[in-house]
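Chain lettering (A, B and C) follows the sequence in which the chains are written, and residue indices restart at 1 in each chain.
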C-alpha cells in the first residue's frame, strides 16, 4: 500500500515535478539510432517525460535533440529541412544546429543580431550500440555517461529494441523487481511453449525468498528458490537508478554469456517506452536471439496490445501457458502492467512477502526524490571517471549447491568474473 | 426546467454520489447470461455505475462479479484463469472465489496468512431468465430480489436483450415516462412501415392527457387519447424504481399476453445499458418477436448509432416514417435521447403538459435521493417476503368504452387479472 | 512574445469570453450554400464559436440557423423534419421557423399557449455568392452586411470554398499578416513545382520590409522586397476585422483582376474553418482556378492533414519545394499553423522584424477587445449605409519603378481603380 501522495510523487515525471527532476539527472534512452539512420535523413518526433522534441542526424552524423516547436513562432521542426549541419524551419527558414544555436534567420534584415540572442532548447545526446541517449537536466550538472558492460562491446554483440507501453513507467519498473512472477505470468505447461530459461526451476518453488540489498547503483535483488534436494535456484537481478532492470537471461546455461537491461522511459505519465538491451560478451548476437521483431509492428507498437486484449487465446491458456498470450515475456509483462490502468492507484494494493523488492525499490526512489528536493545528490550519478565502472552490477541464474550461501557465491562470481564462473 | 444543481444530483451515479448511492440500493442488471455461457468460460469486463468489474461463471455455474483489478498489485482479472471454482490472476496467481474470498496466494511463503486478511470487493448476483442481476450496495442492506411477473416464468417465455447507448441514463428513463412521443417519434405513414402497436390510435390524438399516480414502486402513468367517438385510447405504463419502465407492448390485441421492461443501467454518467425484457404469460416467445437482433452488432452496439447518424434516410422520413430511421422503436428512442448530448443540461428545456409524467418521475427520484441522504429508506426496496408481489404494476393498452373511467377499468383489470381481461 | 493572459484573451471565443463577444459583433461565414442546396433539403450540423447549431433551408429557400437542441427537451433538430417552412423535431413534433418562432407544439392541449411563450435561439443569416453568413451577437446591435467588392459580383465570378483546420483561429489569421513566409513556406525550386504567383520575386529578397498601417477596417499591410536594380516588389494585403485576410493572388499579371479573402471562423478554440473566396472582376472563374477541390475530401477535411503528416515527401523537399508538401499554398499554411499545436503558447515565441504586422494585428485585436469591454464600439462594424463601401481595401502585387513610393502608388491605384492600373 502506497499512500496517494507518495504514489503521485513517484508517478509524475513532467517538467517541474520532483520525480521528473530526478529522472532528468540521468542519461536516458531517447530513441534508437535506426530511427534516424543516416546523415540529413528525415527528423523524427520524440516525446519524453511529457516534453515534445524532435531528433535529427546532421550532415556530420551528429544527433540533435531539440524542442519540437520553432523558437520563432512555434511551427513544428519535425517538418523542417535537415540540411548542411542544421535543421531549418519550413515557415520562415530559421535554422538550428544540434546544440540549439540559431544559425540563420533569413527573413530578418541582413544586419539583424536576433539570432545571437536566441538559444533554442537542445539536449546533449550520446549514441551507443544503436541507442541514442539524452540528458534533459540542467547543463551544469551533466554527469559522465556510465560505462555499463554493454556500452563497451562491439555493436554486433548487443541487441537493442524498444516497444511502446500504455501505462505509467513505474508499473514497468516494478515488474523488474519481482522475481516471483516468473513462476506464474511466464509459466509454460508444455515443452513447446517454453522459452526464456529453465521453467522447471521456477515451477519447483513458486514462492522464492527475495532479498533486496541497497547498493550505490540501486538495489541488488537476490531471489532463492528451493530446489528440493538441498540445492537452491539462485537469481540475482538489479534495479539500477532511476528506471532500469538488469536481469539474467538465457537460463542456467546461457546467463554467463551476458544479460539484459530493461529501461522504462516515460513518454508522458500514462505511456512509456520500454528499451530492451541484451548483450553477449564473446560473440555476436544470433538471429534467433532477436526475439522482439515479430511482436513489434509499425511505430514500435505491440501487435498484441491492450486494445485487442493481447490476442489472448483461452484455449492456449487452458493447455499451454499460464497466460494464454504466446510465449514472449515482454508481451506478458505488458499485459500484467498495462491492465492495471494508466496510473495504478497503489493505495488499493495488498503487498506480501513476494513484493519485498518492489517495496524496497519504491523506498529507494522516494528517498532519492526527497534527497534531491533537499539539495543532496542522488545515487548513481557518475561524475568521477575513476568510479565509472559497474562490474558489480551482476546478473546471475545459478543452481546453488547445498549449503552454499548466495552472498558467498555472488562475491566469488564478482571476484573471478563471469568467464571463470 | 430543472436547476443545474438538481440536474447534477440526478445524473451523477459514480461511487459516493447521492444518486449513485440510491441506485446501489437496488438489484440492477449487470450483464446477460449469454455473455458468460458456461462454467469456467472466459470472464468478461463489466462497467457499472462508473466501476470497473469483471464477471465470471465458476466451475459450478455460479456467477461472480468482482472488482476488475487484483487486490494484490492491480493487474486486470479479466485476463485471469477461470478454473476450479475461482478466478486466478495471471501475474502472481492469486485466486478468488465468487464471494471475493482469496483462495490462494501461491507466491507467498507456504505458511502465509495473508490471504485470510484480504477480502476482494465482490458483489452478490442473481441470475434470472438470462439476465444476471447484481447488488452493489452495502452488504447489510441487501434487499430481496423482487418477484416481478417475468421472473417467475420459464425462460422460453421471456425475451431478453441489451444495447449500448451513448448518453446519461436519465435521458432513457424520461422516454419511458413520455406517452406523447408515441404519436411523433414512432409514427408510421404507411401500413408497411408500421410496427409496435396500433398507430391509428396514436395518430387520432397526438396530445394525450397524462396522469402520473405515485405508487409504492414508483409511478403508475395513465395516458388517455380521445378516440373521437366518445371512446378513449387508454395506456397504462409505469416508472419502477430506480431506473425502469414497464410498458405495454403488442397493441390492443397483444398487450394482455405480457408486457415489456426497459431498464437503464449507467455504465458511467455518459453511457448506459438499456436492458429490454419482454414476456408472454402463456406461451413461448416467437422467433419474429425477437426484434432487436438485427439492430444490434458486436459488443451490443447499435448498427444505427450516433456516429453514423442512425443511417437516417431523408427520403424515408418524407414518405414513410416520421423519423426516417427504420421501424424499430428502440433505435428511435436512442436517436431522440442520445442526440440530446452526453448529459443534457435541463436548465435549458421548456416543459409542457405532455411532460407531466417526466416531471413527476424526476420529483419522485429527487425525493428518494434526499430521503436517503436523511437516512430514510427509499421506496421499492423489498425486505418483507409477504410484500414481494408486484401484480399491481400493470401495463395496459385498451380502447375504453364511452364514459368508462380509466381508474375504474384499471382496478377491474387488477382484480380480475390479465387473463380474464 | 505574448503574455499568457493576452494569449488567453485573444484565443478564447466561446460564449461569454471577451474575444467571443468581439467576434459576435460581425457577420461570419457559417456554412456554404452547397451544404443545404435546395428548399426542404436535409439540415446540417454547424459548430461555430463553440456553439452547436443546425442550419436548414426552408420551403421558400430562406436559410435558418438555430440552436441544435430542441427548446422542449433537447433532442437534436438535425434529425428534424424540414417541411412546410419550418423544422420539426422528431421527438414530439415541435416546429420552428427560420426566425426561431415556435409554430407548433402538437403534443400540447389544443388550446395551449406554450408556443407563444417560447422563443428558440435563432441567428440571422445572409447568403452571398454561395456563402451563408450569420450574425451571432445581440439582436439590437446587428450591423449592415458589408458590401465587399466580391459581394456585388455575379456568382460565377466568385469561387468559394472552405476547409477544416485543427488549430486555434488566431494561428490562421497570423499567417495572413506575414508576408515574409512567402519566400520560405511556399518556395518552389523548379518551374514545374511553381504555383501561386511570381516566385522569383519572393526569392530575390527573403527579408521584405513590412509596414502595417492602421485603418478603419483593420490593417493595411505593405511589404516591399528589393528587386536588386532599384525596383521593388510591392505587395499590399489587409487584415480585416475580426478574422479576415484580403490578399493579392495571381501574381504581377493576374492580381489586378481580383483578389482572395481568407476568413478564419472558430469551430471551437482548437478547430477552425478557413473560408476561401476569390473573385475576378470582369470574367467568370475558370475551371483551372478552382484549386482546392483536389485537396479537400469529405466533410471539407484536408486529404493531406496533421494525422498523416500532410503526406510530406522528403525527396520532394530536397529537390522541388521548400516544404515537400505539394504546391497548394492552403496546405502549406495548414502545416505551418496546425503543427504549432491546438493553441500555441505565445509566451514561448521570439518575434523579429518580419513579424511586425503580426504584432500590429494582435495589438489591433487586443485594443478592440478591451474597448468593447469598456463599452466602446469596435472598428469595422457597418451601421451607416453611406459608409458601406470598401474600395479602399486594396490588394496589390506590383513591380515598383525605382524611386516610386509605395504609398504614392497605392493612392494612385485607389483613385484610378484596378481597371486603369
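As a convention for this text, a residue touches a chain if its C-beta (ideal position, glycine included) is under 8 Å from a C-beta of that chain, and two chains touch if they have at least 3 such contacts.
Fair warning: this is a prediction, and the values are worked out from it, not measured in the lab.
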Not counting subunit A, which chains belong to the same connected group?
one piece
Here subunit B maps onto subunit C under a C-alpha rotation whose angle in degrees, rounded to the nearest 5, is 120
Between subunit C and subunit A, is it the same set of residue numbers doing the touching on each side, over half shared, or a different set?
different
Where subunit A and subunit C are represented by their mean Cα positions, the distance between them in whole Å
48
Residue ranges of subunit B touching at least 2 other chains are none
For the complex, give me every residue of subunit C touching subunit B.
41-42, 69, 71-76, 78-79, 81, 83, 89-93, 105-110, 112, 114, 118
Mind pulling up the subunit B residues that touch subunit C in the complex?
174, 180-181, 183-185, 206-208, 309-310, 312, 314, 317-318, 322-325, 332, 335-337, 339-341, 344-346, 348-355, 358
